[in-house]
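Supplied in structure tokens, the structure appears directly below.
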Amino acid sequence: MSSATDIPPNQKARAMSRSLILGGMLAGIMLILALVSFVWTPFDHAVMNIPDKMQPPNAVHWLGTDHFGRDILSMVMVGARTSLAVACLSVGIGMSLGVPLGLAAAAMRGSWLDEMIMRGNDLVFAFPSLVIAILITAVFGPSAANAIIAIGIFNIPVFARVARGGSLSLWAREFILAARVAGKSRARISVEHILPNISNLLIVQGTIQFSLGILAEASLSYIGLGAQPPTPSWGRMLAEAQTMVSLAPHLAIVPGLAIILTVVGLNLLGDGLRDRFDPRLLEGRA
Amino acid sequence: KETVTYATSLEPPHLDPTAGAAQAIDAVVHFNIFEGLTRFTPDGAVVPLLAKSWEISEDGLTYTFTLQEGVTFHDGSAMDAADVKFSLDRARAEDSTNAQKALFTAISDVEVTDPQTVVVTLMEPNGSLLFNLAWGDAVIVAEESVEMLKTNPIGTGPYRFNEWIQGDRVELVRNPTYWGEVPPLSAATIKFISDPTAAFAAMMAEDIDAFDNFPAPENVAQFEADPRFQVLVGSTEGETILSINNAQSPFDNPKVREAIAHAIDRHAIIDGAMFGYGTPIGTHFAPHNPAYLDLTGQSDHDPDKARALLAEANLPDGFSTTLHLPPPSYARRGGEIIAAQLAEVGITAEIINVEWAQWLETVFKGKTYGLTIVSHTEPMDIGIYARPGYYFQYDNPDLQGLMNRLNATTDPEKRTEMLQMAQQTIADDYVNGYLFQLAKIGIAKAGLNGTWVNAPTAAIEIGALSWAD
Amino acid sequence: MSLLDISGLSLSIGALPILRDVTLSIAAGEILAVTGESGSGKSMTALAVMRLLPQVAKTRGAIYLEETELCALSEDDMCRRRGRDIGMVFQEPMTALNPVMTIGAQVMETIQIHTDMTRAEAEVEAARVLTRVGLPPDRFALDRYPHELSGGQRQRVVIAMAIALRPKLLIADEPTTALDVTTQAQILDLLRDLVRETGMGLMIITHDLAVVAGLADRIVVMRNGEVVERGPTMSVLTHQRHPYTRMLFQASRHRVTLPAARQARSPLLEVRHAVRDYPTARPHLFAKHGRFRAVNDVSFTLHRGERLGLVGESGCGKSTLTRAILGLEGLQGGELLLNGQPLSQKRSPAERQAMQVVFQDPFGSFNPRHRVERLITEPFHSAADAPTGRNREDMVAQVLSDVGLRPEDAQKYPHQFSGGQRQRIAIARALITRPELILFDEAVSALDVSVRARILDLIADLCRAYGLTYLFISHDLSVVREICDRVLVMQNGEIVEDGPVAQVFAAPQHSYTRRLLAAAPVLPDMTAEDDTAGAPA
Amino acid sequence: MLHYLAKRILSLCLSLAIASMVIFAVIEVAPGDPASFMLGTGAQEDTVAALREELGLNQSKLSRYFSWVTGMVTGDFGTSYTYRTPVAKMVGDRLWVSLPLALYALILSTLIALPAGIFAASRRGKLGDMSVMGATQVGMAVPNFWFAMLLVLVFAINLRWFAAGGFIGWDKGLWAGLHALTLPAIALALPQAAILARVMRSALLDVLNEDFMRSARAKGLSQGQAIRRHGVRNALIPVLTIIGLQFSFLLAGAIIIEQVFYLPGLGRLVFQAISARDLIVVESVVMLLVFAVIMVNFLVDLTYALVDPRLRRTP
């Protein structure tokens, strides 16, 4: 099929790889920062040096110091760990529960199970997520673990929906019919044929949820319900910098930029992957 | 300009000061809408208000109050001795929901002798009755309007309640039939801004004329540098302390508590958490009080000594405990610094941030905590150390005896002496870590006169305000 | 001077040349057919005339419409010509119309863009045009939406849109490929009549030589972006000067030599009074579901060694019946017997292995992530005695060479094969368990004529080697005729005719069968040396 | 259609019932006692007990659940523990801030996003597309409270065009009210606009690949005309879905923005109520929000039928 608005595949490939590379680079840098922080940070991120507080970036403290005189670069590095871990684990929760539910719903399309899963999904979607996340963390005590659970719960229906949507079209495909003719059970077909073929969709959705998770963690931390001190997190650094923006702008700019760059990176990565995995390209004919 | 917009951090849950936690309600209504028999002056002295004068019997058991004349409630009804009796009886009744019921336990009887005279009889002499009656919890209300006070407060004060936009502000208008001197400003808005950033922005954008107790000390320097504003730094009644659960091991060992006291660097905390605002204290007493003893030297910052003391207590490698932190920034920021300081001597304090409701439940009521930071804002509250059931769980019969004797003493000099003995005792026992007296950071537009510098009580007295022009 | 003159048109996208030096012309009132295999550049040529090519496409050469050089026009000028001077009809009637606009509005739009008629006038005009294409407003109100029409009716709306302003040139890109034979015949008639009436030039693109033969005045044959042969229809059909054209013709008229059936007369599969209902939406909340009967009381017997065909137009229930036989969907009535034993909904592994299937879509029939070896051994899934190790490898190698592939291909992925090769893999998968019965559901419909011919030969070869029994489902009568002994004709879920191929094609009994046969375009016999072929009188 | 409606309403009621149970259960396990919170540190045990009795906190959980639910059904949302005013009235007051704010933000984001999305789609791959898409990337990545902070710094503190926060009320006039809500609405609208613009663009691009767009071009419409007449309406379904989701998010999710601008809205009411353990307010407001989300989605479903005649068919 050709149409007046199509860009030829090779041109498209170049455009997408640009966002793939840029996104991969940004997200990669943050990941490396987080990993390096396990073995090395310029200073101990927890050591306070109150007389040296709120120093602007300088030769000793490359990104300056915070209101307790801690080294901001070190905190951002360790904070990357927290933010990425919260986002990553909450995506993990969403995927590990949502994907099986979505697969089951698609496999049993039209049955009561499908109906129940989908209604359950709608119900979770109907809850105001931020309010419930606040409620959960307020009830069970603010902590990174509870933030992960609160964010993770709202990832479940997202992945269930993506998995179900992606699977439904596959169930109508002839290779699934062929597997059914061979006598394979629905569960087995889901694992063997459906799951690998929706993995692209899931990866793309995963990067998007990942970036949303980072923003959600920042929001929860902003109202004090995310990671608890002394564990640094970008969101909490921002929250603590709030009142000091006009005194020492770098306190808010550094973690703010860290969040923005990571999220932009992840989104670009997601976009790039989506283009790369374009189902139309995957099917083998345009 | 005839009006003022005054901001404060906390919104009151309702507007009846006789039926709820004092602070936020008092800030709005005390001295503005409601008045008591006595009142605090801005420097903390107790002076007559609705009671024009009083006589105390020789044995200190009978107080005869003579009331002001011509006082009416905002609904037009007259305030007389019957209202006083009603108010006091209601506060001390069996089913009373008064948050400070303890203020009235000494009273055995209230009698009306004539419309202008009330006689209060005590069970035993109580030197602080006049002081207690100045609290917001002891204001005079009328029986007819008492049901409605929470949403439509009716008192005798210089301002009448106009409107309450919940979540935003309370509006007050001048009471034209006020019995005393009519205040200069015709109306006032009290706004509630809890977020420190929002507070800063609102002040800077001149959306508000004054902030009662500014929640972000880090911004004060900017206000000071700006000619549009005046900064009034004073003191509150808040002793900010690192409370220790005295009944819990290893804190039941005085050596451990002493070690904690020496591990703490007050100046770093005042600097780091409060940006320099706050007076160091070495015991549970307000430094502006004449009876104050400076005992800070007894618990100076000395990590080596702290480590040595821990070793003496058979804890050479330190131990782990919890540090519960309620929302205000003195606790959250101070807690982080203290945790770091304790870590230096080997004590691992796990920070647990809690909401007030949770703090009350787990720390205050449940007493399942190791350490916590809180500012005790009730004035003259050293008596809490005589309550073994109080959340520090400090049980010292000597101090309890001392406090009982203090209550029965009316002679000011003797009282001072006894108060100092009490201060010394708790400092010697290292009951808690004593950090600093919470500063009151008032910010106001240049030209606004009459704001309180200190805060003997939480009230924002609109009647005292005026604009210079 | 002809109406349209394309001279030396070359087109490339990136470094990839798509068209090379294409030259052709159409006179007013003439029908030119452009034909050739898929991907040969037919559509690109048409789009080049419309100047609707992808933006990245680079063209050289000249396109004249009467006196105007189209390539030199500005985009605005070109917009004024499209729809007024040149109309275009696309292949897919299902998607060529805007689903959220009424058909009247869509036809009126063409009129209103190019003229200053008022709404009311345009509406009258649109009604007139729609009447002309066979959609009179009294039966097909202008405010109908596309989804309320059938495929053929939608194609008429598309044509109405294209001819509303009586363009000088009409380009129709595969206008009937998506339609069934009877509808196709009607649309082709309509186009022919329009050309005759208005004297416009028609460029019709099609890969179906039979359509070409009955319609076009002249033919252009394309291959790999080049014109390989051109000329008046009759002359091209008779002479077939270019080898490619000859190959194309031979493929279209390919005769399969099917070995004689080894009729054992023992019933292999019996279908008795099969009924399949689909639930439809409830008419109201407390009512029961409505139902749509897709297969209605179908009975037939398939004997061992027999090759049975099943024809009928789209939507008549062919695939539904296949799915029921395969046990993928249950029946609401009737029963199925295999070797005299009733087949339950839950099939035993032996019953599953006895029946295999080849589907239509060579691209969708395989999990793109599995290797060929894994794909074709999938039918062994439930077998207790599935071969393993060496045995299995031998078996895969054997079946691959049976279908004309190499044993090494077992390690490749499906995307590394062409459409025809993939269909061979699909057949290999169906053969590997040595099933008693194979179902072919439109197994060659998606293939090019030449590829199709080779697959049909393969099936015939396999019949020779293994004596297959199959049910061959197709909407294409000519295919069924080649590859089956007996044929069933299905209409609206019912079998309306059943008989030996020769008999049904020569003397159809049922009126529907007759209609089907009459509508199917046929390639006239032009070559002297082939004397067996020819349309039935 | 009627049948469809009835079915939707049935499942709607069921969802609400389950939601009410979930909300009640979660809130009941929350540690913290509203009575002791209200009385503070000075209170004595018997005072707290008296207050608990007065608030009805001593009844069994089950009977409290049922009296809550039956109250909700009859429109009685109970009385706030801490404020002592009917929850319905509190919610009513707050709604006058939250609802206009959500609508304002939604309108802003739609007004920005749809043209931006259309613009980007029609310039696909060109500079215009890339700059719009780059902007949306940043828009989606900026934490909205951070952006809000920036807005206050620039427009309230430095330029002093707007108040830094608070809400003066609608009785001061429509214009004054809108003026007060402008900064918060912008802060809320920006990330939403970024998402919406992307959805609009990709939906349009999908439509652009449809055959009927080619038909439209073949009629003689220019690319721009074709997008406007045929593309936009067909792209509207995914866009509507997102707008529906966004509206519910804006209604409930503005907590943080309400905090930054100290607006007396629903979000902040819930937040305060959670920290004060004013259980009845939390329960009722969350329930209302859930109800609102379900209703909005329901309405969005109905509007699909307006946009797409294929969904209008009555069975």
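Just so it is clear, A, B, C and D label the chains in written order, and each chain counts residues from 1 on its own.
As a convention for this text, a residue touches a chain if its C-beta (ideal position, glycine included) is under 8 Å from a C-beta of that chain, and two chains touch if they have at least 3 such contacts.
Molecules present, by chain and UniProt name: A = Glutathione transport system permease protein GsiD; C = Glutathione import ATP-binding protein GsiA; D = Glutathione transport system permease protein GsiC.
What you see is a predicted model, and the numbers here were worked out from it, not measured in a lab.
J.: Could you tell me which chain lies farthest from subunit D when each chain's centre is the average position of its Cα atoms?
T.: C
J.: Between C-D and B-D, flag the pair that has more C-beta pairs in contact.
T.: The comparison resolves to B-D.
J.: Once you find the CA centre of subunit B and the CA centre of subunit C, what distance in Å lies between them?
T.: Distance between chain centres: 87 Å.
J.: Hey, how far is the Cα centre of subunit C from the one of subunit D, in Å?
T.: Spacing between the chain centres: roughly 50 Å.
J.: Where the CA atoms of subunit B average out and where those of subunit D average out, how many Å apart are those spots?
T.: 39
J.: Once you find the CA centre of subunit A and the CA centre of subunit C, what distance in Å lies between them?
T.: Inter-chain centre distance comes to 45 Å.
J.: Give the residues of subunit D touching no fewer than two other chains, as numbers and ranges.
T.: Expected reply: 31, 149, 153, 157, 211, 214, 217, 259, 274-275.
J.: Enumerate the residues of subunit A that touch no fewer than two other chains.
T.: Those would be 3-7, 11, 138, 242, 245-246.
J.: Please output the residue numbers of subunit C that touch at least 2 other chains, ranges allowed.
T.: Where subunit C meets two or more other chains at a single residue, that happens at 52.
J.: Which chain pairs here would you call touching?
T.: Listed by label, chains in contact pair as A-B, A-C, A-D, B-D, C-D.
J.: Name, in rising order, each residue of subunit C that touches subunit D in their complex.
T.: Subunit C residues touching subunit D: 50, 52, 75-76, 79-84, 87-88, 90, 92, 95-101, 109-110, 113-114, 145, 147, 158, 161-162, 280-285, 290.
J.: Note which residues of subunit C are touching subunit A in the complex, please.
T.: By the definition above, subunit C touches subunit A via 13-14, 16, 43-44, 47, 52-56, 323, 326-328, 347, 349, 352, 355-357, 359-361, 363-369, 378-382, 414-415, 429.
J.: Residue numbers of subunit A touching subunit B in their complex, please.
T.: 46-48, 50-51, 53, 67-69, 138, 141-142, 224, 228-230, 242-247
J.: Can you list the residues on subunit D that touch subunit A in the complex?
T.: Per the touch definition, subunit D meets subunit A at residues 11, 14-15, 18-19, 22, 26-27, 29-31, 124-125, 137-138, 140-143, 145-146, 149, 153, 157, 205, 208-209, 211, 213-214, 217, 245, 248-249, 251-253, 255-256, 259, 267, 270-271, 274-275, 282, 286, 289-290, 293-294, 297.
J.: Inside the complex, what are the residues of subunit A that reach subunit D?
T.: 3-7, 11, 15, 119, 122-123, 125-132, 134-136, 138-139, 211, 215, 218-219, 222-223, 235, 238, 242, 245-246, 252, 256, 259-264, 267-268
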